[in-house]
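What follows is a pair of complexes built around chain A, which joins chain B in one and chain C in the other.
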Partner chain A sequence: MPAASPGWWAQAAQIARKDLRLEWRSREVLFTMTFLATLVVLIFSFAFIAGDDSSLSPSVTAGILWVAVLFSGTVGLSRTFDREREGEAIRSLLLSPVPRSAIYAGKVVATTVLMFMVELIVTPLAAVFFSTTISTHAAWLALLLLLGTIGFAAVGVVFSAGLLRSRSRDVLLSVMLFPIVAPVVMAGARGTSLLLDPATPDMGGALLWTQVLAVAAVVFVTVGLWAFEPVATGE
Partner chain B sequence: MSAGRPSDFRLVAGAAVAALGFLGIPFLIAATPIEPVMGIVQKIFYFHVPCAYLLFLSTFVCAGASIAYLFKGSEGGDRLALCSAELGVLFGLCVLVTGPLWARVAWGVYWQWDARLTSALLLWLMLVGYLLARRYGGPAAKRLAAGLALFAAVDAPLVYVSVNVWRTIHPNTSVITQSVPEMKLAVRLAALLFLVLWGVLLALRLRLERARAALGELELACEDALEGP
Partner chain C sequence: MTTLRLDGVGKTFGRHRALIDISTTFSTGQVAVVLGPNGAGKSTLLGILSTLMQPTTGAVLWGAERMGRDSNMRTAVGYVGHEPGLYGDLTARENLSLFGSLYGIPDVGARVGAMLTRVGLGDVRPDAAARTFSRGMMQRLSLARALMHEPPILLFDEPAAALDPQGADWLTGEIRQERAAGRLVLLVTHDLDAAASVADQLLVLRRGRLTFDETRAGGFAPEAVRSLYQEKTRAGG
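So, the complex of A and B:
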């Protein structure tokens, strides 16, 4: 009788740990993603800030922040999966006796952790650049970003896994991902803007958007767990 | 494909109904009263609304067929998903062209970030994404596109809710149409007519895909026979 294999959660955690350990050795994706997100924020400030006033309205700041998260997240996703393609690592991963859903969950966790680390750096940076106060509702803001990132990663992992062998995978990932995650971006940006507004803080509105993000995260993770196997490993 | 199959008869009948309908419906639309607030431009409504219904119908047919392909491996489901996605893009384009034409006169601008406009646009973008993934997705294109359709279907309610909340914060649009019986009749008939047209186009397109699949199999069989011992 073979030794009992570890449970589903342990296997998912193992996959996530493997991805994060690989990333931690080179820190390639983390550094490039953070730099890209910072550049996106800077480019937007060059485009939007005019005259003496160096502050932007909360809705613009929130929008810039979420666009930076979206762009750097997309790049991060495709780089994480490029690693699986090198040396056909994905083949060994799929041959290992791990449920596909555990592979999916591990990948989502690893992507979320990476993106969240980038957000932890870029959000205060954006606040400094645009003279916005984020400390008032810092925990709530972090929750919004975390929920939005989970929703984004849940869809993104399914698509990047399916795109592994496509030649135009980079552009196709954005083409497929952006319309689907539009509600996440909308809810995230609106919610963030309501939290950042010092004059008229709208807690009820922010709560509503947090709920939308939570529902989106739950729905996308559920569908992802269900669809990852046929989409990524059909044959 | 040989003529005289029952599906051919239904196709011809459907095409005839659609052709007759499109000859007749302009008279019916001309006979409806002119809407007092918006005037003559309101008449674009009779083509705009049926196209919008078909955009939604196509999306859900595409998603349902994609699920059949993903989880049951049904090749027919994959073909149906592809054909309905193409029709969805076509009718969606009609919605997105006729809408702004009307809005320019009724609202004074071509585009408003209204809940319904934005949801329709996002749904249309997802279908375009489906076709792009299907075409350029590489070896796994079919499965990938089917996954996109699945996500699009569960996303549609989320899109609708979030766009609705997003816009109700600044409500500045109003689409009021008085429901006159003649108008209701005309719009219902137009919707029925467009549904028949959609069915005929879908059947034609499916026939082409089936023929293509059959041809592919024949070619493979041919190669096997030539290479065989």
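So, the complex of A and C:
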């Protein structure tokens, strides 16, 4: 019999490490997410840019970036949870003495890391395509993206777990997830557009939207910690 | 001897009553086999015993402790299903190390090596992903995972499904070995011959109700299991 429980944080870290190790083996989710996000940026660049002037207004660039994050993140969530469904691995996880909240936290961390890696590739790409300068407030922009991603992952992990045994899970995930995370995407897009404005960046406005994203992340993670167990076990 | 006691256990999903007033006792060092047609409530019963589901009515007691969502009670249970419950992209060693760590097993590396040898996977290629294993090897690894934390209760849900005869024989031997080791083994199966070969206690479920529950010191003959099953799963049986 086990000697001692490893502790909540250690268990959450083990779950996150497991998910990231699984992804590192195939890089399947990472490649798919990056491909999709790049495709979104590319399509919009062809749709919106005409002639020699490739610059777009900051709000359009920000909107395109966050749409790419939204779509690629949804695909990533779906595939990550497919791994739990295959061979009923999730059952073994839920049967272990790990608190379900630690499983949730580990999965949110792993999802956030994967999404953030994609954002680190796609954001500079969007900046090049749309002739936007992102280096001026790069750290702040990264913080905005990170907070938005945490909020997205916090909700997405709960819904993905709840839809594990549903046949139409891929369709349902988008239908259920998008309305809930819409405020996060909108706040992220607004904050990003204010930061990207080359002439007069509105730092006060950007700070406000950063705070909104931070509050949303805290609220969504708190609700997720509480909701994951009944949703994942179907009880 | 520790007992696992079900006291008036019932489970309802919406309007559907999956289990109705189940009362019985299982003992360590015995194999209890649960039979019943599809939809009889066998999987629901396993779900409750494995603590993944909560009974709508009644209680499950392991010794004097009530089994529920408490994560400590989950360490009392090992589960082997028809699906392996493993990560295909991880190796055998990585799978067992992961679950060993989650259960807080000290010196996980040594334990993993011992368990792989114990289930006959000691010589598998260390870098081979579990998804490359045959069905039989997967079930061996699944048993190793379930035994990693030395649980006193071992639940089997159709473990021989899709196994070849050799694999099924190996599994029967393992079930006997776990009984001899003093574990409480509960097997859910449709294979009446397999049931007869290991059962000390036989239970038959029909439409959520327990229609037969008997323990026989000498076990059950295959003919007896067959006729009991036919009689107890028939309407009005």
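The rule is short, and it goes like this: the second predicted complex is superposed on the first by the 232 of 235 C-alpha atoms of A that agree within 3 Å, B and C clash if a C-alpha of one lies under 4 Å from a C-alpha of the other, contacts with A are read in each partner's own complex, and residues count from 1 in each chain.
One rule holds in what follows: a contact is a pair of C-beta atoms (placed from the backbone, for glycine too) under 8 Å apart; a residue touches a chain by one contact, two chains touch by 3 or more.
Bear in mind that the values here come from a model prediction, so they are computed numbers and not experimental data.
J.: Looking at the overlay, what does A:V212 touch: chain B (first), chain C (second), both, or neither?
T.: first
J.: By the touch definition at the top of the document, which applies to A:P198: first (chain B), second (chain C), both, or neither?
T.: neither
J.: Just checking: does A:E88 make contact with chain B only, chain C only, both, or neither of them? Give me first, second, both or neither.
T.: second
J.: Using the superposition on chain A described above, determine whether A:M186 touches chain B (first), chain C (second), both, or neither.
T.: Only chain B; A:M186 stays clear of chain C.
J.: Between chain B (first) and chain C (second), which, if any, makes contact with A:S26: first, second, both or neither?
T.: second
J.: Regarding the shared-chain residue A:P6, is it in contact with chain B (first), chain C (second), both, or neither?
T.: In the superposition, A:P6 touches chain C alone.
J.: Of all the chain A residues, which ones make contact with chain B and with chain C?
T.: Shared contact residues on chain A (touching chain B in one complex, chain C in the other): none at all.
J.: Under the touch definition given earlier, write down the residues of chain B that touch chain A in their complex.
T.: For chain B paired with chain A, touching residues are 70-71, 122, 125-126, 129, 132-133, 136-141, 143-144, 146-148, 150-152, 154-155, 158-159, 161-163, 165-166, 169.
J.: Would you tell me which residues of chain A are touching chain B in their complex?
T.: 155, 158-159, 162-169, 172, 175-176, 178-180, 182-183, 186-187, 190, 205, 208-209, 212, 215-216, 219-220, 223, 227, 230-232, 234
J.: Which of the residues in chain A end up touching chain C in this complex?
T.: Residue positions touching the partner: 1-6, 11, 14, 18, 21-22, 25-26, 83, 86-89, 91-99, 229, 233, 235.
J.: Quick check on the complex: what are the chain C residues that touch chain A?
T.: Touch list, chain C to chain A: 50-54, 69, 71-72, 74-75, 77, 79, 81, 83-90, 94, 98-99, 101-106, 129, 138, 145, 149-151.
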